[in-house]
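Here come two complexes built around chain A, the first alongside chain B, the second alongside chain C.
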Partner chain A sequence: MDLMLLTGLLASGVRFAMPLLFAALGETVGQKSGVLNVGLEGIMLVGAFLAVAFSVATGSPWGGLLAATLGGAAMGLLHGFFAVRLKVDQIVSGLALILLGLGLSGFGYRLIFAGHQSIRVPGFERLDLGPLSDLPVLGPLLFSHHLLAYVGIFMAVGLWWILTRTGLGLTIRAVGENPKAADSVGIDVDKVRMRCAAFGGAMAGIGGAYLSTAQLAGFVEDMVAGRGFIAIACVVFARWNPLGVLAVALIFGIADAGQIRLQPFFPQIPYQFFIILPYVLALVALAGSAKSASLPAALAQPYRKA
Partner chain B sequence: MTVPVLELTRLSKRYGEVTAVAGLSLKLEPGEVVALLGENGAGKSTVVNMITGMTRPDTGQIHLQGKEVHLDTPRDALDRGIGVVHQHYALVGNFTVAETLALGRAGPGVLDRKVLHADVRRVAERIGMQMDPAALVGSLDVAGQQRVEILKALSRKVSLLVLDEPTAVLSPEDAARLFDVVRALRADGVAILMVTHRLADVFAVCDRAAVMHAGHLVCDLPVASATKQGLISAMISGNTDMAQLPGLPVQANVLPDRPPTPVSDTPIRVSVRNLKLLRANGSQAVQGLGFDIRAGEIMALAGIDGNGQSELVQCLAGLNLPDDGTAEICGCRSDGHWTPRLLRNAGVAHVPDDRRRYGIISDLSLSANMMLSHFFSPRYGRTVLDRARARDDTRRAIDEYDIRTTGPDQPIGRLSGGNQQKLVLARELLAGPRVILAAHPSRGLDIRTIGAVQDILRRQRDAGAAILLVSADLDEIRALADRVVVLAAGTAFGPVAMADTDMAQIGAWMAGHA
Partner chain C sequence: MLVLDRDSRVALMALAACALLLLGLIALAGESPLRVLAILIGDGFLTRAGLADALVRSIPLTLTGLGVALSFRAGVFNIGVDGQLLIGAALAMACAPILGPLPSALALPLLLLAGTLGGAIWGGIAGILKARFGANEIIATIMLNYIAIQMVSWLIRGPLQEPMGIFPRSEKLTASLRLPILFDGTRLSAGLIVAALACVAVWFLVARSRYGYALTVTGKNADAARYGGIQPAVIAFSVLCLSGALAGLAGIVEVSGLHGRLQEGFAGGIGITAIAVALLARLSPLWVPVAAFGFAGLYVGSDAIARLTAVPFPLVHVIEGTIVLAFLVLQIMPKAKDL
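Here is the complex of A and B:
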């Protein structure tokens, strides 16, 4: 493989990784606080839809991004309301979110865009750092992504720092490890969890927005196509470490970019085999990290006071 | 005249039809250590919960330093200078000691480890305690974790410290260290309320003894004028007439020293050879352990918690496989099939040490919990569960063990700790087991029930059961064991016959000296 091909592969790998990265970072924070949200898929769909709708309406991708973030946060809060406040089984509530997201986004899209032949979605501009972006290899790899991609990478580092080095991180981890311990020192467990759930939702919304306005340009029903689940796999595989999440999301992104590029080389193999590659990778990753000491001890367990 | 630190006035709390606490009034002066005594279910933990903001009283007032307060949440209690060490610790295993103390106190911003560590040292020094601020809480033994809980309480300004059964899990040495801390705090003017089942604790550090019976405070007197018999009488019968001893069947405080009767002709039921067990974190729990237990004998497994006892019992119960060596129970071998179901069918009963994790399901009723150990036996039917029979068994257990409950259908989580333990025991001994693995069977039980449980174990032994008794309580070991093996820091001492050793020797082994 020549250098150009490799550079292209890695650069598009980074792009493919971003939706996963945002969703997985949000889920990491949620799970660290004990809230498992298997409904990322649904939230990402709503985010993707809202981003398209509001980008078109406001004429700016940032308007879309804002709408997706808020919509995601609202769905995260909804999950929190059921799973944290009402203590509904977190899996059940998460599954409900998937269905809700599928329905809302598909219905909303038809409602607004039915009949429109082609809509032009204002996309994010790529960062142009002049000579830096023109550098061979490094240029396309490091200096020519959407601004949002750099935000994602920055957030991975920032969240890692917050979780490990600050009082806020201590509180979140305590709530997810032993809510009783947190409660006994006066921390409002449910409040912390609600906020983490909302944050997780907002991040999944951003992930969806990235997908529909930065990576692709437009909305298609069920366009998230399992990325919400891969994001959850990323969290587990990265052992709940945001830096690990960055690395794992990149691996998945590159695998995804790679399978697309491999398809033309092997026309005799049905292309579906290539498409499932990242999912197989996720399965293998999950099987390999089944029993991990970093699993938050109170994950998915509602907290009831004595 | 000093203002009392804490004054409870006619506190009452009902749960449904159960009156947990009835019109209790109690006062604590600064620098006073008060013992709160009472049988299982007397209402002690409920009092603790009301003082610490975990539950709200139905009626009555709480005054702190002369001012009436309403403690709706644990935070309210903390903010008003009430520290508490609950019976079950609330610690995060993968936090360091310093992080544990910072939780809830540090702001959301950056944590300065140096400052946090200095903080830990400062609090520890105040009461003459040794503590490594960087140690992971999960790597400490029970006594160490309790010290962390105490430091956690003291890291805020406290005028009242509440301890719920602090000595239940401690070795005699660690209990003595705890008492030193209590004395240091008393000298500092902190008032201390200590719930306990051990009368020795009362006479060791307490100034006053308050006894509860069925929710009522039946006596409150200076320790100097209390007698052991008097306190027991008040606990058991609610009788405040100190001179009168109740005519109840068990005087458990004076356990008769039973001449150990070694058996050598009965069949071997449990056999352990060169056993090696690792902890979940990979460290070595047990190494080169070997012993036999014959039908009709009680082997005590002595030692301070955390020295491999739980791992050994879990292995023998079929929950773990040995990492080396073999175990054999009633014809089942650990190198063949080795599962809890198989061992249960072979007649093994298991009273686990971590009751809330392995012993009960809190949300299920007493009778459903009764069925748990007999799930694969035909006792309650093979296909359709015979609930009526389970309810009958439960009802009988309630009578026999004097379990304080509203009936077989009450969720077991609503019972007091000691009463939960009684049901576990009743369930395990129900079907006439051939081997009994009893891990701290009397932990958290009141004196009378301890006597009853020990009686039952003796009767089971005489009926031919082989019993492994895990205990850190020398009195209990002396009262029950025929032989003893001691686990300390990964090494095993013994087994020896009780006749060939003495308590001093066993105590030394428990501390790790050969």
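Here is the complex of A and C:
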């Protein structure tokens, strides 16, 4: 494979990785605090829809991003309300989010956009750093992504720092590892978890927004296509480390970009066998990384004061 | 006098908020909630055509709902019903040319068996990943869904495509491999009987067998199960096979009883509804058909709503989500004996 092709592959791999990265980073923080949210798929769908609807309404992708972030946070809070406040089964509550997300995004889409096929969505522009972006290889690889992509990479590093090096990170980890001990030193376990759940929802919303306004330009029903679940697989495979999540999301992004680019080279192989590659990769990643010691000890376990 | 604790009151308020959201969505579409409700109930349950349609749709929902209920009882979350259903239908359709010449009384059961086997294999893959490698079954079964969709997409454009080779679909099943229609003028097939038998079988398994007891114990407390000599890994693997088997059976019953051939999206969205069905039935096999009929009517009614009003069809998923949340709220309500 020549250099041009490889550069193109890696550059689009970065773009494909971003929806996973945002959602997985949010889920990492949530799970670190003990909240498991299997409903990322539904939140990403709502985020993707809100981003398109509000980009069109406000004329700017940032308006869409804001709406997606708020909508995602609201769904994260709903999950927190059931999982943390009411202490019911977190998995079932997450499943409800998937249904709600599927319904709300599909409902809104058909209500607003049905019959208007040719709506132009004001999507995110690629960054243009002039000479830097024109550099061979490095230009497309490092200096010509959407601004949001740099935010994502920055957040991976920032969250790693926060989780491992700050008091806030210690609080979050304590709540997820040993809520009783955290409670005994005066930490409001439920409050921390609620905030982490809201943060996780907001990040999944951003992931959806990236998908519909940066990676693609428009909303299609069920467009998230399992990415919400692949994001959870990323978290597990990265062993709850935000820097690891960045690496794993990039692997998935490149695999996804790669399968599309490989298709024309092997016309004798049915294209469906390429489409399944990221999903097969997720299965392999799961099988290879489960039973990890990094699993937050109190994950999915509600905390009740004695 | 029923006095609710604070949690219960808050939970009920959350449900009320969900109900308001539904009303708000209907109002947003510019329709009167009363009219929408009237169409939902009228067309979904109260007309002869609607009732027959709801019964038709309740067949796959009952079979898949039973599978989901079994797995959830064991604390194993099989979200991959759609994939198991597709692979079941596909394997059975691959066997159809061999079974075609046999007498119907022999061929039809074998066809259903092939579908069951296909679903069991697809569920079993997730089972091995969970039992042997500790992979989370929620993600594993969902990934297998997407893989199954692509496999069927390939099959109906490749090995299983009809000889004409124009449309991406399989050849129609011969009459000997079709489940007979029960009532003339409807599309209601003998799949209804298959579903009823499955209910009884699963009820027996859950309520009267050692295995059912092991399932429930594992779901309630895996450590206690281990102490009692039950291996949670074995339970996880076997229940995913069983759950997949029921989904695979649902797949071939849909093909043999309703569509007659394999085509894309012939059973879309059954898996996620099956979860709502199982939860609403509180994982009890004998309530599953009741819940399945309820959701089937909801779908038929929602079709009518989308046809007759400006309210888009996906409202049905919002209703389903609300029902799942309602299930959670009911769980924390004080039990009668506590009052």
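By our rule, the second predicted complex is superposed on the first by the 306 of 306 C-alpha atoms of A that agree within 3 Å, B and C clash if a C-alpha of one lies under 4 Å from a C-alpha of the other, contacts with A are read in each partner's own complex, and residues count from 1 in each chain.
Everything below uses one rule, namely that a contact is a pair of C-beta atoms (placed from the backbone, for glycine too) under 8 Å apart; a residue touches a chain by one contact, two chains touch by 3 or more.
These numbers were taken from a predicted model, which means no experiment stands behind them.
Applying the stated contact rule after C-alpha superposition, one finds that A:Arg85 touches chain C and leaves chain B untouched. Looking at the shared chain after the overlay, A:Val185 reaches chain B, while chain C stays out of its contact range. For chain A, the partner with contacts to more residues, out of chain B and chain C, is C.
Applying the stated contact rule after C-alpha superposition, one finds that A:Arg261 touches neither chain B nor chain C. Of the two partner chains placed around the shared chain by superposition, neither chain B nor chain C is touched by A:Arg126. Of the two partner chains, chain C is the only one that A:Tyr279 touches; chain B does not reach it. Common to the chain B and chain C interfaces on chain A is no residue. Taken in their complex, chain A has these residues touching chain B: 165-168, 170-171, 173-174, 177-178, 180-187, 293, 297, 305-306. On chain C, the positions that touch chain A within their shared complex are 7, 10-11, 14, 25, 28-29, 77, 79, 129, 133-136, 138-140, 142-147, 150-151, 153-154, 157-158, 272, 275-276, 279, 310, 312-322, 324-325, 327-329, 331-332. Residues 38, 81-82, 85-89, 91-93, 95-100, 102-107, 109-111, 114, 221, 225-226, 229-230, 232-233, 236, 270, 272-273, 275-276, 279-280, 282-283, 286-288, 290-291 of chain A touch chain C in their complex. Touching chain A in their complex are the following residues of chain B: 49, 54-55, 73-75, 78-79, 84, 86, 90-95, 99-100, 102-111, 152, 281.
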